[in-house]
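Take a look at the following structure, please.
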Amino acid sequence: MADSSGYMWLWDSFSEAEAHIHAVEKLVFVGQSQYQRVEIADLASYGRCLILDGEIQSHQADEFIYHEALVQPALALCPDPRRVLLIGGGEGATLREVLRHPTVEEAVMVELDPVMLEAAREYLPTFHAGAFDDPRTRIVCEDGRAYLERPGEPFDAIYLDITNPRIDSPSQLLFTREFYQTARKRLARGGWLAIQGDSCRFTGLETFPVVIRTLREVFPKVHPSIICIPSYGSDWGYAIAGDGHGADPLAVTAAEIDRRLEERGVRGLRFYDGMTHERIFRLPKHIRAAIEKEERVNTDADPIRERFPGRW
Amino acid sequence: MADSSGYMWLWDSFSEAEAHIHAVEKLVFVGQSQYQRVEIADLASYGRCLILDGEIQSHQADEFIYHEALVQPALALCPDPRRVLLIGGGEGATLREVLRHPTVEEAVMVELDPVMLEAAREYLPTFHAGAFDDPRTRIVCEDGRAYLERPGEPFDAIYLDITNPRIDSPSQLLFTREFYQTARKRLARGGWLAIQGDSCRFTGLETFPVVIRTLREVFPKVHPSIICIPSYGSDWGYAIAGDGHGADPLAVTAAEIDRRLEERGVRGLRFYDGMTHERIFRLPKHIRAAIEKEERVNTDADPIRERFPGRW
Amino acid sequence: MADSSGYMWLWDSFSEAEAHIHAVEKLVFVGQSQYQRVEIADLASYGRCLILDGEIQSHQADEFIYHEALVQPALALCPDPRRVLLIGGGEGATLREVLRHPTVEEAVMVELDPVMLEAAREYLPTFHAGAFDDPRTRIVCEDGRAYLERPGEPFDAIYLDITNPRIDSPSQLLFTREFYQTARKRLARGGWLAIQGDSCRFTGLETFPVVIRTLREVFPKVHPSIICIPSYGSDWGYAIAGDGHGADPLAVTAAEIDRRLEERGVRGLRFYDGMTHERIFRLPKHIRAAIEKEERVNTDADPIRERFPGRW
Amino acid sequence: MADSSGYMWLWDSFSEAEAHIHAVEKLVFVGQSQYQRVEIADLASYGRCLILDGEIQSHQADEFIYHEALVQPALALCPDPRRVLLIGGGEGATLREVLRHPTVEEAVMVELDPVMLEAAREYLPTFHAGAFDDPRTRIVCEDGRAYLERPGEPFDAIYLDITNPRIDSPSQLLFTREFYQTARKRLARGGWLAIQGDSCRFTGLETFPVVIRTLREVFPKVHPSIICIPSYGSDWGYAIAGDGHGADPLAVTAAEIDRRLEERGVRGLRFYDGMTHERIFRLPKHIRAAIEKEERVNTDADPIRERFPGRW
């Protein structure tokens, strides 16, 4: 009885009063792991996408923006990144971005869910692009916090590519002060922790300032960045945090970034280069203001988990 | 990023300007057969449902209305139904309804698609309720028209439980005068052809009158009936057509229907009984008027296949 | 930025998990009275519609079904209806239906809201069709319950054409046992109270059985009827209730109804006639079952006002 | 019958497969002028908004981003802006931004539609903030192109704040090479033409590159900028174009912009300042690439007017 086009719609609800919706062309995979429901669908608007417990993770058409924005700045700022840790990022695209840097000798990806990994390997080939089989890759199926809490060799960069801190989300405790303290101990001198920090929509700008405020409790230097992700329908927040021995991203010029990428032999970037670098760390005034006035620190005892009303 | 409730919606479009939409709780099965895409989902509103090529077929919560309305009148009117043919009806619920009648000795179900049958057997247990394994059941994987065109023993009732005649739908040629002529030859004296005849919505009342008009070209007696199917969001049309040797459904009283069902030992009906019987064959005036003024006969040469505008 | 077609949609939510949606072609009127927000819009699917406090009331394309089903049975059953009372029905279409009967000498319409009446007069001409100016019409701007509680001449028929009993709806107290007792006192011998009784959707069949049960506390004879209203996307419930001196609608034949309408000179009906009459009072088995098992009586002290979950 | 929340939704369709939707709280104004349909509504998500012929124009909550991004860079780059021309911008917010600069002695606003202006004055007070009554304001009700084609005194800045160039939009001919040539002739030496340039969504990045390419046919210097507008659900494109005697926005530092705004006494900016200035003119790599490869020049003879498919 349904129309031949658009009989099923993915509903990316920003609030009870606002949503970004996408016609589904085809359901590709439906699975239930021990940890979550894993679905993969083809959208008319943005191609193949991954959905975890009903949360859209990333879209084929513009995941390059999301993943380059998460990965590239920290590695470009790092003079000689060799050991990299990834927590989450089951699609394999964060790993793909890390492996673009020929200096990287080992990329450890800690992903809890083997069902997620198998589905990605089979159905998300443009996301991982073979990264799971790179000889520098080591995949560990384990809880990321448990992994980090054990002592071990330091990393030049640690990436947290995890779902947002919502009610019932297991990632609640991966956005807290305590967890950031744990992560800091595993960073090499001058290394960076890089995270995604939720939406920067006008009607959703609650989590990102708290994340930045919390990072600043733990790290001497915290640099937020934001970029619009079309398939998310909004600006998205990121941050890199360091011990003060790394370079200041606002002081590194476009020319210097372009030179480093060229010298290091990084190939295939579509979003990130020197001018993009200059853009993303320069936040608009109203977002800087929202960050500056934020007072809430996110802790294990009282983590962000609420759904915000999303009304102006 | 999606809200925890309702991240995926099934969109039952009535036209470009009207739709009935349902929150999907869970996708249960996704498959692609040689003939069609088969999907099974759980809806918050109506439970499990079957979707073929993006067309919602039936819903767990109220399929009893759809299937009893299709099956029961013809069998109740038939004094001693023994051999029954079903074309389509892959969920197994039409078969289930036929088998409620202890007089039935053989129910032949002709369903083209083995993938559909396997999915129904596994994921639609409340629909078939074991009917596939009844010793009276015989399942034939074949095109229904091809099956009927071969000579064979006559049937007391023939059911067409097929998708609507839309563009690109293979069922286009199962609503034509020529096909009804073929079906008539396989009916026993006094037997009934029973069909579903598409929506009777105000903004979708184009197909049903044509179906009735076409049946009347072939059969001496044609009795339309309609009933509201909640999950379809509208009245739905049916018809039984016979050679003139069967009873007139408008003349058979509620008491007589109740007596027959009781005597025959038909159990488990939730929708159909004597009073329901009296209701469904009495059409509202405006629908009778739409039928009476219809002049189009549906033929193999020019079958209904258009999508109607759905504007009043 | 919106598409040229369908930039605004009316969302008739059945529950959090189900809705019937309509593209709005044009907003015609926006007003705020002392009592409610009054809006009138043109829908692509069903033409002009009235919306009160965000609740769609009726649609140009199929309001004839709603209003004939509400009005005609009680007047057809009444041998000689002369005085009729209407509470609500601001569009004027209930009044229009009453005035079709040449026997009617006086039709008193009690409508609280003069803004509603003015908007209807100006923007809903096909609904009232001049009924406001009929010399038999008397319009009283007053609360319907207050009007009925005062003593006065009895009526041959009393119609309650009011919004559904929801949270914050003023019509909550027009569905209770106490109000029905008040109405009964104002009925002439053999007269009928006729009401609309909310949706009979599978996922919304909570109010109608309570309404019928409550009427049965007060009236010796209560006859429910239902019919599918396409623009509502569902079956709709009605009832007539009387003192036992009126005819039994199930015993009056189609031929008798047609004869009465003809003799009385009732013209212009599109939905109601003898066969329609026979249909609407014969309820499907599952709806009769839901009514029979209902135990809740609606009272002033604890009126129905909840929103039901709408999940099967 | 509708739910109490969200019975009406504004549907900002990006394509047939993607939309950004908003719950409407209240309709505030409905009018039809000689030129267009003018509607004003309150959205739960972004407050009051203006809708012209079904196209959402701007939202109370974040129009400050849209309007500051359009207006402020050109005025900040201009050493001493005195005479400013605005074409379109009926809400009055573009005018409000211009008048923040105390150097401005005359702001001429050319707006075709007096109904639009009256509605804005009455119902959009936070948008115009009294700007219509500023003694420096002169409002001309006329077609913008006709106005510019007549000779007259040159302007230090000309703003085109007009609807997107769609099918049937009168603004089609305000995005062409010929119109830009006309505008150039009315600019003072070192002055800027500043325009909005449509969406920069991934699935909607067709118009903006053509606009930039077309400006480059006419102006020696063209500087695109983009910023995410939350209520539009996407990055939005702008450009300033000049004769080569103005400053290069990429060479003017944040500190210099902040100093000028301070010295000039510009007050009340929430979005624009020095760092924001540095952000918006630095485009991400993939958008620069899309601009560079564009070859189409928009002309009066063959203006952009198509709706693009919006599929990746």
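Note that the chains are named A, B, C and D in the order they appear, and that numbering of residues resets to 1 at the start of each chain.
We take it that contacts are C-beta pairs under 8 Å (C-beta built on N, C-alpha and C of every residue); 3 or more make two chains touch, one makes a residue touch a chain.
Worth saying up front: this structure is predicted, and the values here are computed from it rather than measured.
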item: Equivalent of C-D within the choices A-D, A-B or B-C, defined by over half of its residue contact pairs recurring; value: A-B
item: Inter-chain centre distance, chain A versus chain B - centres from mean C-alpha coordinates, in Å; value: 50
item: Between chain C and chain A, distance of the C-alpha-averaged centres to the nearest whole Å; value: 56
item: Chain A-chain D separation of Cα centroids, rounded to whole Å; value: 33
item: Per-residue multi-chain contacts in chain C, two or more chains; value: 6, 14, 16, 19
item: Chain-level touch network, classified as line, ring, star, complete or other; value: ring
item: Full enumeration of touching chain pairs; value: A-B, A-D, B-C, C-D
item: Touch list for chain B against partner chain C, complex; value: 5-6, 14-23, 43-47, 60-62, 64-65, 200-203, 227-228, 230-231, 233-235, 254, 269-273, 275-276, 278-279, 282-286, 288-289, 310-312
item: Chain A residues within the chain B interface of the complex; value: 1-4, 6-14, 16, 19, 24, 26-30, 37, 39, 51, 54-56, 164, 166-168, 199, 232, 307
